[in-house]
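For reference, the structure I am asking about is given below.
Chain IDs A, B, C and D follow the sequence of writing; residue 1 opens each chain.
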Amino acid sequence: MCFKMRYSYIIENVMENENTHTIFFDADFNALPGQFIMVWVPGYGEIPLSLSCTGKPKAITIKAYNEPGMKLINYKKGDKLFYRGPYGNHFSLVDGKKLIIAAGSGIASMHPLIDDNSIIIESLKRASDIIFEKELKGRAIFTTDDGTLGIKGHVIDALKNVNLNDFDMIYVCGPELMMKSVFDFLKDKNVRAEFSLEREMKCAVGICDSCSVSGIQLCTEGPVFTN
Amino acid sequence: MDVSCNVSSIKLKNPLILASGILDENGYTMKKIIESGASAVVTKSIGIEERKGFETPVIYEEYPYFINAIGLSNPGIDAFASEMNILKGYNVIGSIFGTGPEDFSYLAMKMQEYGAIAVELNLSCPHVKGFGLEIGSDPDLVESIVSEVKSKVRIPVFAKLSPNTHDIIEEAKAARKADALVLINTLKAMKIDINARMPVLSNIYGGLSGKSIKPVGVRYVYEVSKEMNIPVIGVGGIESYEDVIEYIMAGASAVEIGTAIYRHGKGIFKEINNGILNFMKENKIESLSEIRGCALR
Amino acid sequence: MDVSCNVSSIKLKNPLILASGILDENGYTMKKIIESGASAVVTKSIGIEERKGFETPVIYEEYPYFINAIGLSNPGIDAFASEMNILKGYNVIGSIFGTGPEDFSYLAMKMQEYGAIAVELNLSCPHVKGFGLEIGSDPDLVESIVSEVKSKVRIPVFAKLSPNTHDIIEEAKAARKADALVLINTLKAMKIDINARMPVLSNIYGGLSGKSIKPVGVRYVYEVSKEMNIPVIGVGGIESYEDVIEYIMAGASAVEIGTAIYRHGKGIFKEINNGILNFMKENKIESLSEIRGCALR
Amino acid sequence: MCFKMRYSYIIENVMENENTHTIFFDADFNALPGQFIMVWVPGYGEIPLSLSCTGKPKAITIKAYNEPGMKLINYKKGDKLFYRGPYGNHFSLVDGKKLIIAAGSGIASMHPLIDDNSIIIESLKRASDIIFEKELKGRAIFTTDDGTLGIKGHVIDALKNVNLNDFDMIYVCGPELMMKSVFDFLKDKNVRAEFSLEREMKCAVGICDSCSVSGIQLCTEGPVFTN
């Protein structure tokens, strides 16, 4: 186990929408869907970001809110991306049918799970917030707050119409409130589900206590938990 | 075989205490640590007011180095009451920091009220201006803080001293009214990333802990145990039962473990405890008091 | 690409100097080191009289720790003439130690007479009573030693300071008349063998060097470079070209390498030099002055 | 490379003569003839000693002069032997005929080389100084200062009578004066020879310069040198 700070060169910076970018970089560490890295933007800070591609090349998909994020989405091909990791546990990989439930940038960590065997329920504020449009095409059920795409409403409104028994695994990532509502909805159904939690993370190695929930460190024992 | 030990009036079932600043901001986390085998936990250092701490990055890791500049982030003593509540009945040592005798004695009384079994004065954090190291290197201030706190609380008072000094004995003597000394805090240090061409930590400087500092920690415990008659709790770079035995042979009454958790997880307390028991069995040692300070010459 | 560098008036073909105390008691050995790629060597610290040094064991090694208590063993300044003779025409920096201004200035003059290109005042050895550390922690004494030596010799005077201090800036200011500061010496430390139940080193205490202390060394170089306008030579834990670049970015004019030789052999100087050249090429750096101190904020 | 202090239990302490003992200990490191270890006698010092047995068990053979040596020869079965190493290079192992030339305790380091294919020339002060008597039986030519065993005289007196061309390798260890005389004697002969040198050693890891000869560190580049 050695997580020293490293860097990789950026191969491509793809704008997904107004403030969301996917940054591909040339790294050869091994990682699994659900794991994250700590990205250091020298002079601006360090933030946890899920790997949105876990193969080769790797990628992160970031919705820029804060200073490091804003800086990051302006990185260019050939720039150095500094990071440490990968950290955390990962989603269970299953052979059968998968249901992916995402809201906002939560889709980033589940991007590596999308394949011909998966259906995605994604909830957005509005149609223009969509990312990974190409990958989602023909596989996704959308809900939007303003009804500009798919169902007007929340994930649960879409989830109600799905036959949960069709799926071998349900993956969920998004704002905590949304995950709570999905968790509650699934509670009395007999399904396998995994939730990826996001909390402030400072150390990512399980010693600073900033990401703890009920005595569990999300950075080392999570971020993925089962229902 | 008996691994229990006493630090001043406190009796602990084993010598393994969680060090301040590591997995101890949250009541449930600390509970887990005690359930994992630690005989007590020291809380994160708590001040009068909430502090956000420094911007990230706040740690740099490259084994055997671990450098942190968390910056005394803490919720403030009032908000901390709720975490302490979760820990009722558990062995919690309240770590506190402040700028002078008034701060420290106020915080100590609060910790006592919250049920702490002892209070640990952080006189030694190396990277936060106005706290810790700057206090620790002023013997008169140390003396007045310790006296003041001692006069205000019934629970034992531990003084955690800085290794960033040229004369530990002078420092230790200034703190001699404490019920025990805690040695050592981190060494002031830093890391520059040569590819980014800048310091990694947002605060530039941080504290070096973990494996690298063990020989310095053992030396401080030894030096103080040799020169003074005061219980000492050893801290710094403990990763294995051998390290614990080394500190005990240098004179430590008990030890605190921090950084090692990031490599070994919370299981380290049970692991080390088993290691100690095996060592005692192999060497026909009945009680830790048989070997405490046995290396002192 | 140019790896040459200047330390005060001395021009070196690369920034890699052999540190004091490592393979430098013997003229032929030092010659070998220079032929292996070091741009200069610092001699073992030499005193007025011969000293046998401490009884064995004088080193303890357990990577990443290296602890030594050689005890300033040396043949005395008069006998050392014959070693210096072997080195005529080579870049030799004479390290000296003593108890006060008279000792130091006498020794410095001798070193100048022997052909040393500079003299390095060992104000910082952590494990020998009456020398080094005890001197280094007395700013007035440091100041008078540096002044006295400066007034007596023409060659540049380097002052090697102790990291066993709480305020390096105070120390550095006391030595400000020196032509360069050398940071850092070893950290006072020790090892107890738990099976033998005693300290390993015959002297009990020794100095921690090697990998473990690099973050402390870099921090001292950075702190002094930031606060003062004086050339600094970085020492402590250098094992690779990355470490050298890190020290240079922290502000070091050159570096000294010691302990790493036991793992990497004398070939380390060429190896590191090649590493630096590659790094410069990849990063389009023409001269080390472009990156010197570039991490300072 | 990790030379931290270790210990092994002593299996047997065999008195070879008045102040020379062979101490067998139970260690499983790999070593070759000619290598040495630094033996720590807690409270008394640390000294370099060649391995007189390099297989299993290992052994050291020590002629006690100084404090640590005196203490060491009184160690008993079951005591802990503290040491670090093995250090240094080793004698070349050859298949053919070997000539071993030793004086005093120099024989210790060459003990592992003794086999049916070797002849030993050993020089002693007097007959009672003999060690490894059993192993030497029938293979050794002795010289003694006082003539109490073999030839009265020095190694060279024995060496003169030997046909050097019979041997594929000559190994030499003993006081420096003796080795110098052998070195000079062999200079103009066309033979392969290896000399094991002994100097004060403090660190044994090539950094203290106490064992250096002409800029070479005996502890790391030696102790074995070829002619």
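Here are some notes:
Just so it is clear, a contact is a pair of C-beta atoms (placed from the backbone, for glycine too) under 8 Å apart; a residue touches a chain by one contact, two chains touch by 3 or more.
Computed from a predicted model, the values in this text were never measured in an experiment.
Any chain bridging chain C and chain D, meaning touching each of them, is missing here; the list is empty. The minimal number of chain-to-chain contact steps leading from chain A to chain D is 3. The centroid of the Cα atoms in chain B and the matching centroid in chain D are 51 Å apart.
Taking the mean of the C-alpha atoms as each chain's centre, chain B and chain C sit 33 Å apart. Here the spacing of chain A and chain B, counted between their Cα centres, is 37 Å. Chain C has residues 197-198 in contact with two or more other chains.
Arrangement of the chains shown, judged by which pairs touch: a linear chain-to-chain path with two open ends. Pairwise, the chains that make contact are A-B, B-C, C-D. Every residue of chain A that touches chain B in the complex is listed here, in rising order: 1-5, 7, 38, 40, 42-43, 45-47, 80, 82, 84, 202-203, 205-210, 212, 214-217, 220.
In the complex of the two chains, the chain B residues touching chain C come out as 64-65, 67, 133, 136-137, 162, 164-167, 187-192, 194, 197-199, 204-205, 208, 211-216, 218-219, 222-223, 242, 245-246, 249-250, 279, 291, 294-295, 297. Residues 22-26, 28-32, 44, 53, 55-63, 68, 70, 73, 193, 195-198, 200, 202, 258-259, 261-263, 265 of chain C are the ones that touch chain D when the two sit in their complex.
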